[in-house]
Structures are given as structure tokens and as C-alpha cells.
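Working notes, beginning with the structure itself.
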Amino acid sequence: MKKYEKIIEFILLFCATVATLSVFIITLFIFKEGVPILKDYGLMNFIFGKTWSPTNGYYGAFPMIMGSISVTLGALIIGVPMGITCAIFLAEIAPKSVVKVFKPAVELLAGIPSVVYGFFGLNIFVPLIRTHILPIVQKINQDAYTSGYSILAGAVILAVMILPTIVNISENAIRSVPVEYKQGSLALGASHIETIAKVIVPAAKSGIITSVVLGMGRAVGETMAVILITGNMPKVPGSILDSVSTMTGTIAMEMGYATPIHQKALFATGIILFVFIMLLNITATVTMKRLGAR
Amino acid sequence: GCGSKGDTTTEEKTTEEALSGKIVIAGSTSVQPLSDELAAAFMEKYPKVSIEVQGGGSSVGVKSAADKIADIGASSREVKDSEKKLGLKEYVIAKDGIAVVVNPSNEVEDLTLEQIKKIFTGEITNWKEVGGKDQSITVVSREEGSGTRGAFIEITKVEEKNAEGKKVDKTTVNALVQPSTGAVKQTVANTPNAIGYISMGALDKAVKAVKVEGVEATEATAKAGTYKIARPFLYLTNGEESEVVKAYIEFVLNEGQEIVKEEFISVK
Amino acid sequence: MSNFPKIKVKNLNLFYGDFQALTDINMDIMENKITALIGPSGCGKSTFLRTLNRMNDLIDNVKINGQILLDGIDIYSDECDLMGLRKNVGMVFQKPNPFPKSIYENIAYGPKIHGIKQKSRLDEIVEKSLRGAALWDEVKDRLDKPALGLSGGQQQRLCIARCLAVEPDIILMDEPTSALDPISTLKVENLLDELKKDYTIVIVTHNMQQAGRVSDYTSFFLNGEIIETDLTDNIFSKPKDKRTEDYITGRFG
Amino acid sequence: MVANTKFYTEKLIKRGSKRKINIKEKIVYYWIYLVATLTILALLSIIGYVLINGAKHVNLDFFIQEPKSMGRKGGIFSIIVGTIYLTLVSIAIATPIGVSAAIYLTEYAKENKFIKIIRFGTETLAGIPSIIFGLFGFVFFVIFLGFRWSILSGGLTLALMILPTLIRATEEAIKTVPKSYREGSLALGATKWQTIVKVVLPSSIPGILTGLILGVGRAIGETAAVMLTAGSSLGVPESIMDPARTMSVHLYLLASEGLSQEKTFATASVLIILVLFINFLANMVGNRYMKNTKASA
Amino acid sequence: MSNFPKIKVKNLNLFYGDFQALTDINMDIMENKITALIGPSGCGKSTFLRTLNRMNDLIDNVKINGQILLDGIDIYSDECDLMGLRKNVGMVFQKPNPFPKSIYENIAYGPKIHGIKQKSRLDEIVEKSLRGAALWDEVKDRLDKPALGLSGGQQQRLCIARCLAVEPDIILMDEPTSALDPISTLKVENLLDELKKDYTIVIVTHNMQQAGRVSDYTSFFLNGEIIETDLTDNIFSKPKDKRTEDYITGRFG
């Protein structure tokens, strides 16, 4: 009896280890493949090199790093205010009947595969930017030009993609703020909006930050939707109407190439991405701990 | 007549049914439509054979054949010197021109090789410099490792030797990059000022092929050699070929050339 | 000071959906006195208290009819400004509920909301309010520390100070000491005695002794009705109603 | 004195004394409603745009015909088969491992360094972008282990991806099972494992199912990692070693190559309807779950 | 029946980490008697009860020393089979905790665990156990209905029946009626009287009257120690220790 319980416990432990082990194997693999080129080519040259042209022997990932950052930042600038506002709306303002419709709708948005967004962006936003937004910009800046495949298009679509993550988690955070805080504020004669802005949202900030970090992770990691709409131009962008290539997009497009060194460069890009995400997660955990401690 | 015909079919069927197996073809997205048709024809003839065709780009074709993750690698360019040592067996299955395409709304009809080179290296950035409207040019290129790109930059001299004698790809960084023949066509079709290059076999009404040095882009001109931008389609295999693969390549090089002729240049 | 009714409640009825929680309440609340509300659990004490600053507005499907006149103005009429009302009628809750901010920010919150921005003015208010709540000496050296670090009794006095900071006329307290230990309770009770010089106070309590100790008037609630309201001494020594007597002597509840 | 107070009160609580703030607040309310409306509109426009353009091309033939000429013609039969096949394989790999890991973490693990590492591992796994999984799967499963582009390679890669979701959902579900159930069972002389199998797991099945459904959603939605590991060929897969193309990959290729607008919209429509269905399923399971826990509380 | 000690506890000490929850417990528990454990909250009654079927094993960093002899065998020694022990020493908890299964499945759970598979045998056990717990007549027509649909009192008797189904010698009960209404409490108390014919029962209770009504022996706990154990009648009429008297007469606790 005791023996078979032990065996079962061992099997369970083994399964738990597999999940962890795979992280280590993945990390190991990526690093094993990517580190040599970072060494040979120079970490700084790789990160800050402005030319990505593997056939010519240039492995400067800076344009892609900037591409990923700019698209993600754009998505956050659009998505975070919208998402938090929606979360406030759902948790504090909307009547129950509206919440009943709104919430499943947002959840649905979260479930739609990213390619569908990419397809939508390609068909609607890329031409829209070329035909409607460009002329407006050209009124201010004569030389402005865009094919429509741009940071802006990518940012809008990524914003829609991260919206559900931000809305759902922030809403939960806001809902879990003790009702006593709200009562305390209202009883002092504060209005509902003042109470939300000065008491409820600050009390929910660690959850809200988590939602933003998770959304950010999703935006940085998105691949195919971005390939479809940002134009994949390996050049450091100068404006939001410029085309960019992202780290994920470049890996997906150029993976499986014959020259070993090129492939290694893609792994090195993977390392950058990996470290990026890890830093993001760690920052989030640390901030949360700090906020939680207070 | 009738009876004997019936007999031969059944007889043929028995030998055809004997052949079975699976082939995975991967690589060039220019070769992909052709492989697709060839495979369909082959599978019709040998119902027990299944052939899976997928894209990726020519370099993927070379690599997947070398890694043996595909039975046949497809390439739309010559195998590079650096790839020769992989020891792949090469079969030229067709020849194809590369059409330089613009949006149908574009008035430009004809470009010289020099102009094409300058457009793709970023020296010419406005259509008015080559006789079109005063509009910026949106250059659409292929990803690194594409066979079409490799052949195109070589023929148009976008690729130049530098001081050390090393070949350098001078494609402008202001080019949009798309990962397949289809994607380039789609982008050019949707972007009014765009110019790109695609396999001639993939041409259709969505885009307009310009004349190069006054020569129209057709199979005939490419075969005749008057249309300058052309390259071979290759199938690559690694090591001992299986029965089916042998049969398929045999088919492609003979009967299959009828299909090749429809859109591409036959090697027969 | 006076025997003037600060609040007049007339024929008040309150429904939670179909359930009638208050029936025909009529009551005068005297200025600068402490009025205690007593009664068994669920009789509607909290509900009634919360009608006085319209905190019940937060709850879905509450229906109210009748009148509550504060200095002659019906607080449920259109002419009443809800925020102004709540500023004027402060509230202290059963469980101390300081905001997760510093002690200073907790007190300054109300005044800021009501438009005071000047730092020196705020400092003044914070000190005055904390002194008023008999907390100043205990916290003056750590005003920038989180309020949640205070003990339960200190937190409750902080909430009272927070309430004083917006200068209300009336303070409502819903079992303000039930979450506190005996020593903290004593401190809060002593404070009440101080406060009634300047404020009109209504306090809900489960603790009969407390009601006897601190209040001038006591109102006995049962099943959503007021059985009787009288001077506290009268209620405890010679209640008019049999049910009041039963409750006070511990025969039910 | 009396009159004075009255006047003061009147000023305070009479309406209109705070006009300015009211206007500011109104603007904030409008802003919030506007953003909420915009969000809903964004959702409706995406879904509407796809369905309006696509639904008319979705018919029985679309489901039962195989795609022809790279997807320009025909239907998506082989793609549906590929999607189902790949999803099932990934679930079949991930479920036993994920559920076992979750059981271990909730029921057996004592808080020590080793457990902390395991937790850190699963949490990190959740944050890794899918392209990294793709990269890994391609080099490890496809090339190194020689599984080639196949449902097996894709399934293993996807399994790694959905593992964290599954572990977390299962852990949550197991944690909500009241301690009193466990005590009741143990006090009757049941072993720990008997208690887990007969009392704990049955009570957490809806939660586990919710996690599984989420995993299925992720498997169906993933593109990059699937393309790199399961390939993108159009044939009907017959075995686990065959390559396959999933709906998301198909949609990506159709959209990027502009092969046929009609088929692209139709495929996108089917995908959205599938997601709608999965959400509906998750909600249903979730609701039943709520009922169960309520009844037991 | 007899005055034979079923369980002998010798010098038992129990620590939760550094905190000593039980100190030097010595006690005999008589066969076929009801022993009540009383004492103020936190004195270690539950902790002690749970040492008797080793339910404390579930808690991290519990340290135990001393001996508990059940029919002469030390239940903390290696020769004791934990599952067998728990089968033999049944337990009923404060809050009724039926499994979210049918009534039938709840009762059959234990026997199945212990290897009984035959349907007819199970049917028999279910009926016998439910009759034993005085619940048969109330539920016989709805054995396949969820157990959670029963009233609190019925659920508690179901838990007793579930415990009887594995045929223990001893039944431990931790405040088994504290979550029940007076009528259900009465039913369970009557049941106890029936059960003691066949079982040795140890019951923790907060309710002095209950201890007086149902138990033969009573043990008074204070701060993790046993102050005294005696016949219930003696404890309630002439306690030897001053502290016991104080507790029983309500002077503390």
C-alpha cells in the first residue's frame, strides 16, 4: 500500500519536473545556439548594429529591437488607457445588464486568433493609413510617405489584441478593492469619479500593472499578425508611419536558412527576446512585491 | 478497341497501385505552385502515393533536403558554392523568368536593367525619374534567402562585388520585405506605388509586369533568352532516394514537362 | 446646547426590492446630542443610519419614501446636492477603513476633494482633526507612514479624524467600537463625549452598556420599526414599551 | 445661531453650489462611455467585417472539399482534419503531465527550494513568446529528434505551450476543493491517492476542463510555432508523423499571399465561429462549476 | 459494559513548530463509554482528539512524543498501519462534511475504499449504517440524491453513518452539534446514547450542558494540559480542581 503511494508521488513529481525541465532545455538550446555568434560578432555590435543583412555578414539586430519596442510601445499607448478605462467602466460604472453583454464580448476578443486580427489589419488598416491618414500628415509634412505597412498599423492591431488581457485583469483587480474604501471616500463627500481616481484605482494598481505587463508580453511576442502588417523593413524607424521588422517576425521569416551562421543569428535574436521577456516578468514581480508590501 | 482499352487500364492500375508512399517537398515559394500541380497529376496516376508540398523559400528547400526533414527540397536558384559541399543531388525541373511587377494603376511600361537596379538599390526613389507620376516608389523585396531574390539581385546587378571581391547585396533598406512570391504579388497589387519581382509563373491580372529592356515578360522571351531575368527551378535530394521519390522525379522530368510548359519553360 | 431637532425624519419607509426594511419611521434627532440606536440584529439600525447620508443610494433596487429634513431641507429632494450632504453628514464605519495611504493623506483626502490645495492650510486641518480625534500625540511623528500600520483602535480614531477634517455638522457611527479591544473602546467613548460639544452624533451600538454610558437619547428598533425614542435615562430605567424592557433586560435579541 | 447654521447647511447641500466639478465629471463619464463604446465597436467591426464578407462563402462544400491549387479553390477539409488532429495530440500530451504536475504542486509539494524552482519554471514557461517555442520545436523535435514537420512535432511544441495554462487552471480548481472533503476521506482510512482520485479530482473536473478549453483555444490560435513545427502542407494527414496545416496557418498563408479573398474570409469566419463555440463551451462548463462549488459551500 | 481502557495515552506532548500545544497528557479512555473533552477555546481539545487517529499527520511541522496505546499497540510506532488505524478510529467533524456525491455513494465510499465491491454487500452496509445513525427512514427513498441536499442535522447524521460504515471501534467527534439547530442537536445526542452500546466515543464540546447530558467521563483541558479527568457526575458536582470549578460555573472561558 505505502509503496504504491510512493510510486505515484514519484510519477507526479516527475511530471511537475518535466514542465520545469522543458524551460531549462529550451533556455539551454536557445543559448547554446545563439551565444557563439554573440561572442564572435560582439554582444554590443549585435544589439546596437544598425544593419541586418545576413547574406552580407551584417548581424545588427538594432532595427528589429527598435521595431519590437516601437510597435509594443505604440500598442501600449493606445491599449493601456483604453483597457483601464474599460475595466473601470465594467467594474464601477456599467449597469449589470451591460456587464453581462460586455464581458463575454471582451473574452471573445481574447480568444480570436491573432492572424484574424492580422488579416483585418492588412485589409483595413494598411490601406486606411495610406489613403486617409497619410494625406493628413502630408499637410503638415510634405515629405511624409508611407506604404501603409507601418508601426501605426501594427500598434493599432496589437492594441486591440492586448485590450482583453488588460481589461480582464484590471477589472478583477478593481473589483477586489474592498468596498470599505469606496464607502469611506463617498461618506466624505467625494464623488464617484473622485473616489475611483483617488482611492479605488490606486488601491488596485498592482493588479493593473500586472495586466499591463502581461499585455506587453503578449505584444512583444506576437509574430504572424505583425508580419502581415508592419512591412518587415529592417531599418531603424524614424516615425510611426515607417515600416519596421520585429524580432519575432524576423525569426519566423528567416528560420530554417541554409547558412548556419545566419541561423545562429536568429537564435541570438531569440536570446534577446527571451531576456527581454524575463526582465519584464521579473520587473513585474518585483514591482508587485514592493506595492504589496506597502 | 473498347475491350483492349479497358484491359490496358486495369493492367496499368495494378502496376500503379503497387507504387505507394509519401513524399514531402519543401522550399521555394516560386516552385510551390508548379510542384503542387505536378504532385496532383502524379497522385492522380498513383492514388496510393501522397505528396505534401509546402513553401518556406529556396534556402529552406536546400536546408530541409540537407537535414532530411523533406524528401525533396525545391529551389528557385542555383545551389551556392557554400551549399555544394552538402552533397545534394540536383535536378533542373524547369526554367522560370522573374517578372518585375508594378501596380496595375502604374503608367510605367518599360524599365531598363540599369533603372531596375537603381530602384532596388535605392538610387531612384520617385516614379517620375523613370517616366511615371511624381510619386515615391515603394520597393517590395523578398526575404533573405529567397531564391527569387538571389537570382534577381544577381542578374540585375543589385548584388555587387566589393573591394575584397565579396558579393554584397545592395538592396535598399527602405524596401518592404515579404516572405513569399504570393505575398510580394499581394503587396504590389494592393499598394499603388509599389514595385516588386515575382516568378513569371505566378503572374496574373492583379499586377502588371513591365517590359525589361523593351522585352515583354513571357515564357517565350525568357526561353529565347531575350528576356534577361531568368533562373532554373531545382529539385534537390540527399542520399539514397526512395522508390516513390525516384518515380516522382522521373515523372516530373518526362510526362510532367507537359504541365511545366503551361506556365514555365520546359527543360526538354 | 439646545434642544433643537437637527434632523426630522417623517414617515420614512425603505424597501430592499420587495422586502420592507424600515416601516413608518418618525424621529427627531437633536442638535449637539448623542443619539443611540439599539435593537436586535437585522432590525434595520444600519439601514436607517445610512438613509441619513444617503449611503443606501449605492445599493441597487432600494426604494425610499417619506422625508428626511436636515435643517429643514429634504435630503431626498432634487434640490439637495449629494456630495454636499455627505460632507455635512460624516460617517464612521464598524470596521475601521483607512485608505491604503499615509496617515497624513488619509486626513487630507477630504479637504483636498473639497477644493483645499494649500499645503499650510492642509497641515493645519490635519493637526486639528487628529487632535480632535485624540490621536495627534500618538501619530504626530509618523504622519507619512501608512495608516494601515496603526492598531485597530488608532485606525478607528483616524477614521473619526478623517471625518472631522471635512467639518461636518453631524457624525454617523455604525457600531464604531465593535471591532476594538476594551481599551481602544474606552478611548473612543471618551472621545465621543468631547465631540458632542460641536457635533450632532448618531451611533448604532449592540452594547447596551455603551448606549447607557455615552448617549443622551436612545431609540429602540424592532423589525424595521421604532418602538420608542426617549432620553437614554428613561429608556433604561422606565421604558414605556414591554418589548423595550424585554430587550434591555436581555430577554431576547 | 440656529438660523446661522441653517443658512450654512443650505449653502452646502443645496444643488448647484458645485457646478464646475459637475461639468468636469460629466466629461469624464462621457469619456468612459466613449471608450467603452469604441471597444465594443472595435469588436463588432472586426467580427462583423469578417463574418459579413465570409459567411456567404461558408457552405457544406467548404467543409468537405479538400483545398485545391494551394487553397485558391476547394474547401478546408484537410485543414479541419489537421487542426483537430494537432489539437488532440497536444491535449493528449499536455493533459496527463499538466494535471499530474498540478496535483503534485497542490497536494504533495512542501514549500522548499525545489518547489520554488518548479513554480518558477512553469510560470516562466507561461511568459515565453510562442516564436521561441517554435524555434525550439523546430531545432529539437523537427531536426534533432528527426520527427520532421509532423503532427507529433507540432503537438509536442503546443503541449509545452499550453502546459502552464493547464497547470494553473488545475491548481486553482484543486485548491477550491474544501479541506473538509479531504479530511472526511482520510478519516475513513482512505490513502492520500484514493482521496485525490475519488474525492478531490471529481470535484475539480469542471475547472480542469476550463483550463483544457483555454489550451485548445491557444492551440487553435497559434500560427508561428505551428508553421515551424507541423509544417504547412495541404494534404490530409493520415498519421501522427504526417505534416499538417491548421486553420490559423491556412488563414495566414491565404491572407499573406492573397490567393483568394473569398476563401480567406470564409476561413476567417470559420475560425471566429469556432472561437465563439469554444467560448460558449467554456462559459457553460464555468457556470456548472460555479453551481457545484456553491452547492458544496 | 466494562471499565476497560480502550486507549491509554502516556506522556503525550505535541508541538506545532515551536509552540507546545499539548503538554504531558496522560489519560485512559474507557471502552464503550462516552468521554467528553471540555475546556476554553484554544486549549488543545481538537489537537488532542486528532492525535487519536493521527489526523495531525497532515499538518506540516507537527512534532509528537509520548505514547498512545490502542488495545495495547502504540499507534505512533512503525507496526501501526495508518489506514487501518483510521478505519478503526472513525471521526466526525464540527461542520458536516459529506462528499459532493449521492447519499448512497457517501456511505459506500468507505467500504469501497477498503475493498468491498459486491453491490449486495454494499447495499446491506448502507442500510445498516443509516439505520445505525437513525437516518434510514428519512432518506431511504432518495439514496441516489445528492447528500448536499440534506439539512444540516441530516448531513451530520450522514457523516456519522459514513463513519459507521467502515465499522470502527472508536468514534471521535469534534463539536459535532455546534453547527446544528437545537432539534437536530437533540437527535444527534439521542443517537450518541444508542451508539455507546457498540462503540467507544470521544466527543469535544463547548456546551457544558451537552457534556453533562451525554458523557460518562469528562476531561477538562486548559492551556494544553489536562487539569482533571473523572466521571462526568463528579466533575460537575464536586470538581477537585479550583480551575475546573471556575470554568464550569462560567467564571472564565
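Lettered A, B, C, D and E in written order, each chain numbered from 1.
FYI, contacts are C-beta pairs under 8 Å (C-beta built on N, C-alpha and C of every residue); 3 or more make two chains touch, one makes a residue touch a chain.
Just so we're on the same page, UniProt names per chain: A = Phosphate transport system permease protein; C, E = Phosphate ABC transporter ATP-binding protein; D = Phosphate transport system permease protein PstA.
This is a predicted model, so every value here is computed, not measured.
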{"item": "Chain ID, smallest distance between chain and overall C-alpha centroids", "value": "D"}
{"item": "Chain whose Cα centroid lies at the greatest distance from that of chain C", "value": "B"}
{"item": "Centroid spacing, where centroids are CA-atom means, of chain D and chain E in whole angstrom", "value": "47"}
{"item": "Between chain B and chain A, distance of the C-alpha-averaged centres to the nearest whole Å", "value": "36"}
{"item": "CA centroid of chain B to CA centroid of chain C, Å", "value": "84"}
{"item": "In chain B, residues with contacts to at least two other chains", "value": "178-179, 190"}
{"item": "Chain A residues counted as touching two or more neighbouring chains", "value": "1, 191, 227, 256"}
{"item": "Shared-contact residues (touching 2 or more other chains) in chain D", "value": "21, 191, 256"}
{"item": "Chain B-facing residues of chain A, complex", "value": "51, 53-56, 63, 126-127, 130, 145, 147-149, 227, 231-235, 243, 245, 253-254, 256-259, 262"}
{"item": "Chain A - residues contacting chain C, complex", "value": "96, 178, 180-191, 194, 198-199, 202-203, 294"}
{"item": "Parts of chain C lying in touch with chain A, wherever the complex brings them together", "value": "53, 55, 58, 60, 83-88, 90-91, 93, 95, 97-101, 109-110, 113-114, 146, 159, 162-163, 166"}
{"item": "Sites on chain B touched by chain D in the complex", "value": "22, 24, 26, 32-33, 36-37, 40, 50-55, 67-70, 178-183, 185-186, 189-190, 206"}
{"item": "Residues of chain D defined as touching chain B within the complex", "value": "68-70, 142-143, 146, 148-149, 231-235, 238, 242-243, 245, 253, 256-259"}
